[in-house]
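Going by the order they are written in, the chains are A, B, C and D; count residues from 1 in each one.
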Amino acid sequence: MDMTLTAAELAFRDDVRGFLAASLPQHLRDGARGTPSVFVEPDIGLEWQRALHAKGWLAYQWPTDCGGTGWTPVQRYLFEKECALADAPALSVLGLKLVGPVIARFGTPEQKARFLDRILTAEDLWCQGYSEPGAGSDLASLKTRAVRDGDRYIVNGGKIWTTHAHYADWMFCLARTDPDVKPQAGISFLLLNMRQPGVTVRPIIGMAGDHEVNQVFLDDAVALVENRIGDEGQGWTIAKYLLENERGGSCTAPSLLVRIERLGALAAAQSGGVAEDAGFTRRLARLQMEAEALELTELRLLGELAQGRPPGPQTSLIKLVASTMMQQIDELTLDVLGNDGLQLAGERPLYGNECPEPIGSKAAQMAMPTYLNNRAWTIFGGSNEVQKTIIARTVLGL
Amino acid sequence: MDMTLTAAELAFRDDVRGFLAASLPQHLRDGARGTPSVFVEPDIGLEWQRALHAKGWLAYQWPTDCGGTGWTPVQRYLFEKECALADAPALSVLGLKLVGPVIARFGTPEQKARFLDRILTAEDLWCQGYSEPGAGSDLASLKTRAVRDGDRYIVNGGKIWTTHAHYADWMFCLARTDPDVKPQAGISFLLLNMRQPGVTVRPIIGMAGDHEVNQVFLDDAVALVENRIGDEGQGWTIAKYLLENERGGSCTAPSLLVRIERLGALAAAQSGGVAEDAGFTRRLARLQMEAEALELTELRLLGELAQGRPPGPQTSLIKLVASTMMQQIDELTLDVLGNDGLQLAGERPLYGNECPEPIGSKAAQMAMPTYLNNRAWTIFGGSNEVQKTIIARTVLGL
Amino acid sequence: SEDQAMLKAAVERCVAAGGDAGAGDLGHRRAARATAAGFSAASWARLAESGVLAMPVSAAHGGMADDRMALLLAMEAVGRALVPEPVLDVAVIAGTLLDVAGSPAQQETVLVPMLVGRLMVSLAHAERAARFDLGHVETSLSQRGNVMTIDGAKTAVMAGGAADRFIVSARCNAGICFWLVRADAPGVERRSYRLADGSVAAELMLRGVTVTHADRLAGGLDSLDRVVAVARAAAAAEMLGVMTLLFDATLDYVKTRVQFGKPIGSFQVIQHRMADAYVLVEQARSQVVRAGLAPSADFPRAAAGAKAFVAEAALSVAHTAVQLHGGMGITDELVIGHGLKRLRVLALTFGDVAAAIDDYRRAA
Amino acid sequence: SEDQAMLKAAVERCVAAGGDAGAGDLGHRRAARATAAGFSAASWARLAESGVLAMPVSAAHGGMADDRMALLLAMEAVGRALVPEPVLDVAVIAGTLLDVAGSPAQQETVLVPMLVGRLMVSLAHAERAARFDLGHVETSLSQRGNVMTIDGAKTAVMAGGAADRFIVSARCNAGICFWLVRADAPGVERRSYRLADGSVAAELMLRGVTVTHADRLAGGLDSLDRVVAVARAAAAAEMLGVMTLLFDATLDYVKTRVQFGKPIGSFQVIQHRMADAYVLVEQARSQVVRAGLAPSADFPRAAAGAKAFVAEAALSVAHTAVQLHGGMGITDELVIGHGLKRLRVLALTFGDVAAAIDDYRRAA
């Protein structure tokens, strides 16, 4: 939406472009393009995080008093758009976008001092302990128990779909501290050290062959009471705040628009005239119209955030549209690539020296694993079905 | 599916073709093509019905001992396909397909003698009294009361969406004869004379301007006990039998295939290259593939009927697919016609001397009213939502 | 902005004065549609007085053509009230064309009277053989000595049933030009016909219709591009208004209509379908805002995209509205059906969805 | 018919012997995929013994090519069991081509050993520049004196990783012909790569590969039409089998998986989505039956239609299966993901959906 930019905003955009040109090395761009997922491996992710931290731009989603940049919504939007255009590795949301803002909002001064800076410096890597084998979309039914024992909780149970648990130093998790009240009321939000005997991590391999999520077994694992965020029983409130944060406050449209533009170029590079096929061109145009609409919908929402309103259920709309579109782009990409799109290399990562030579093109090598991994978009972080129910109940009053 | 026809079946098809060529006059074909609905006006409908009755082919959906033809499923399929190809007026289902089979199955010898023949001779026209203002999809909640008074019932309440009530001599209706048992159990199936003071008919005009359905007010209307079908309280069972009959046992694919073929020809007759547009050609091809699949699905079901199985919930599948396809064909037809498809003449009927000169083509004149009227397909006779629930519950066991 | 909000309110008052379809009052619409013209002369006069008709034209003629967002807000209100008067066809399309391409004399004698509601003008450009190719014009101008005559056939002349003047496109040596033609001029044969929304369009047969240089608009086919962009954006905004009307009516209905012992809005399938419709409404609104904010250079593309997107979204929501209203939805008694029929007409403003998408694509 | 039912049962027993993916046992599939060839030699031998590999060929070679319905029933069973062995690519495609176009000597020395499982043969026809135009072949044959050599590049050679022989299409004066080429012949450079379903395809670089007249298949490009029709129908049947496997697994899952205090199958949205999937399964089955019943003249069209329809329906059901399985659906631990990946590969058999639809249309 360059159409709406002020001179100051244009200047800011040029700053960002300049920084990216100077400080985002090619091997990180290659790493990002060679990552068939929204979660990048630490080897490339952390190098980029440190560069942004050095520049002072890392905590742009945090309040200024916790190291935030104080950017306007439009600035945040421009920053994320330029990063997407430049193939910057995605920043791990777990610390920066999920637990960071929670600690900043609900944490004690001690907790802020203890954890926030180490998130920025990447000394601590985090994972999220929400879902359980029996509680996926239905968080309130979680079974993991935390029993108070002096200044500690003894935690028993388990978590699943735990992204990057195999890298994490800490897990923020929901545990039931009071089994006798109604489900939502008995839950607390605990920070739990992953480097202890009571914690066991089992890899779960995805359809595409990627190891991204895990099952985490908690057997008499210890969480210190001082590392509980908020009061006992306040976990549900904090969890909802975090989920709305996860869905809102950042822009999905820029990366969608970048993918759509590249898909047009990819089609033009194919033989057989797919780029001129009305079936393809109109599907692509419809995706672009939808993404351009989403771009403005997001800016409208960012505008409300800027006026201090919480993200709220509106973010369900963005999650719904963006995840659906992402999958439509994945499918159209496979259609464009034809036979080349069928390849699915077993090797990981798909960048660097171990990466096999692609068949046809690098884009073709990435298409199938990206398509397969992105099926998770409509499931995790609240499935599409859950998002629609949220909209119906809280926005439409049904 | 000529592929599956035996010599005898081919001979039968030629019989039908010969009869149609000889006995279906042009003004009836014009009337059928000039009818933007599945219900044709009596002026053309009854003339055609009499011709079929004279030939002995009218009651082909009835058991042989009630005047049925004893045709095999394939013969019924061929007959209906040839009628669709020849633009024969649709036969009114109300008497022939709905109440006729019910009387034949559940009626007393007296009732059969009293009513069946007059359906065939068109001396009696019928309408259906199922839906009520408060009970659309939810039939079991119907409020119309029938109070026993000697050899008669005094009926109070009202019905809505009553097709052709303004022509009908009789209404078959559901009324509550026992308010004290659970909803389904207290309902009886009554035949009610429309030519009496207690019956008032209010026209309901459809979106397209057609007068097809009505609201019927029943104030101390009289139904004779001898005209009750089945026992008191058996109405629900009979109603379900009738609904499954309505959905099953005849073929929707032939008329869909005819419409699809004509749509291809219509597109070829347009300027501007729509007939070569990949967007159009693939949409049309997809419709044809779907209709060809439905054709076989229907033949598979007819095969089961031939083995004496009742139509059953399988018919929901056909209703669902056929009604959805019908509307897709309507929309694609409008897309093909462009500006010409926007015309919506107020005059009725759209055949004969009062019909205004069409803009562009006769097909263009019919497209919009057909599209508007056919929105009812996914609503009446059990909405798509109801059909899906029937499939989920009774077929899938959910 | 604040002015825009005030303006929108003014338009709403003005259109509501003609019976508020938004509140389910279809009396005005029915009465207007029953006339031969297909709209109410009184309401048209009121729209003229309120300045709504002048909005699309430049300030010189009392309009605010520079404030595109204001026009789109007004058109949204027009859609939401299901206004039967031909605001889009006459005020926006004919008005903009005369504003950008008319000679001073034509603006004086035709545009100004039109803006005050004393003269009805319709664009006669579409031809059947062209389908939606705006550059395909077979109607031609021929010159014998200093007598110029136009011959050809036009179709889908919107609001043409009541037009006093037509702006006729015709091919001549200079390319395609526009000519002002009196509806009662010799050689003009008008055939009026009803469209789905009850409006009265016309087909024209033009046989040796004499015109003079004074009848020729200054601008040629290029000036139509500007008209097409404005018309598509305005149509998108009106469709957005109709769409929100139908969405809100349906939301109310599913909250109150009881089946199987509870409001149908409590069924999960209905809830999710309404959520889908809500998403379409919000996305459609964003597309209209985009068209409003787009810089001039990008405006034709943004307008094409907005119109294509909103047309599909609005028709989808309208079909949902019909379906969820059940039997009532397919009658002529609710705003639902009237809205659906209006959307069908709006969706073809200067081409169908496919044509708009292709323009959107090519402009990229 | 009864024979067909018996045959289907036989095939089911045979494929089940290799671990029944239908029952969620993916052990065999995983083990087979872990090999360099991407399938199990033992299971391949068993398929040969059971006569499954011979089904597509004519009775002269122990097959039942005339009983098309029998082949489709067998392929449905193959799909339902997620058989990792290359039945479609080798037995159906290479087998049919050798059966209809091979010389007696070639059938003796190549087809027969292939049918008993001693020789693997793959068709090397696709080229990147052709996309899905089956008539576009740039690989060419050149003749110097009486030495004939083939030069060119082939891609998407299905099951090509383990092939002992390739059937290579090449352009010569006579048009496009097929040549038998040994995988270890000088000038043949094979690059194997994994596909989504774990099978191993290959790209071929052909540099001055010498062939003799004895290597040339009797039939030309026209014989490929027959192969394409059979392959598309067989692919549709296999997709139907995968689709029913995923549908049944999902139906079981939604009946047992509890969320919010009840089985998710009791939620109306899930019920309707399963009803939609059920409709697709039934309609897909009808399309496969059509392809089985179609008279020879109509078979290519019916096969193209069946493949296009079933591919779209099966992928839709697979996406539903993934979604309703939630997190479990996107793992490698259930048949769901394996089925989805197999469908992606099958859907491109001799062209994608658009290509099949266009063939279907043109054949009409």
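Note that contacts are C-beta pairs under 8 Å (C-beta built on N, C-alpha and C of every residue); 3 or more make two chains touch, one makes a residue touch a chain.
Everything numeric here is computed off the predicted structure, so don't read it as measured data.
Trainee: Which pair, B-D or C-D, has more C-beta contacts?
Mentor: B-D
Trainee: Specify the chain most distant from subunit C by Cα centroid.
Mentor: D
Trainee: Centroid from C-alpha atoms only, then distance subunit B to subunit D, rounded to Å. What do you get?
Mentor: One centre to the other, that is 43 Å.
Trainee: For subunit C and subunit D, let me know how many angstrom lie between their CA-based centres, rounded off.
Mentor: For subunit C versus subunit D, the centre distance works out to 53 Å.
Trainee: Subunit B to subunit C: how many Å between their CA centres?
Mentor: Chain centroid spacing, subunit B to subunit C, equals 38 Å.
Trainee: Enumerate the residues of subunit B that touch no fewer than two other chains.
Mentor: Only 277-279, 282, 385, 388 qualify.
Trainee: Taking each residue of subunit C in turn, which ones touch at least two of the other chains?
Mentor: Subunit C, residues with two or more chain partners: 268-270, 272, 354.
Trainee: Mind listing the subunit A positions that touch subunit C in their complex?
Mentor: 1, 3-4, 278, 281-282, 285-286, 288-290, 292-297, 300, 317, 320-321, 385, 387-389, 391-393, 395-398
Trainee: Okay, in this complex, where on subunit D does subunit B touch?
Mentor: 251, 254-255, 265-266, 268, 270-272, 274-276, 278-279, 282-284, 286-287, 289-290, 293-295, 298, 305, 308-309, 312, 354, 357-358, 360-361, 364
Trainee: Note which residues of subunit C are touching subunit D in the complex, please.
Mentor: 267-269, 272
Trainee: Using the touch rule from the top, collect the residues of subunit A that touch subunit D in their complex.
Mentor: 131, 134-138, 141, 160-161, 204-207, 209, 213, 270-274, 277, 279, 334-335, 338-340, 342-346, 356, 359-360, 368, 372-373, 375-376, 378-380, 383-385, 388
Trainee: Please output the residues of subunit B touching subunit A within their complex, sorted ascending.
Mentor: Subunit B residues touching subunit A: 277-279, 282.
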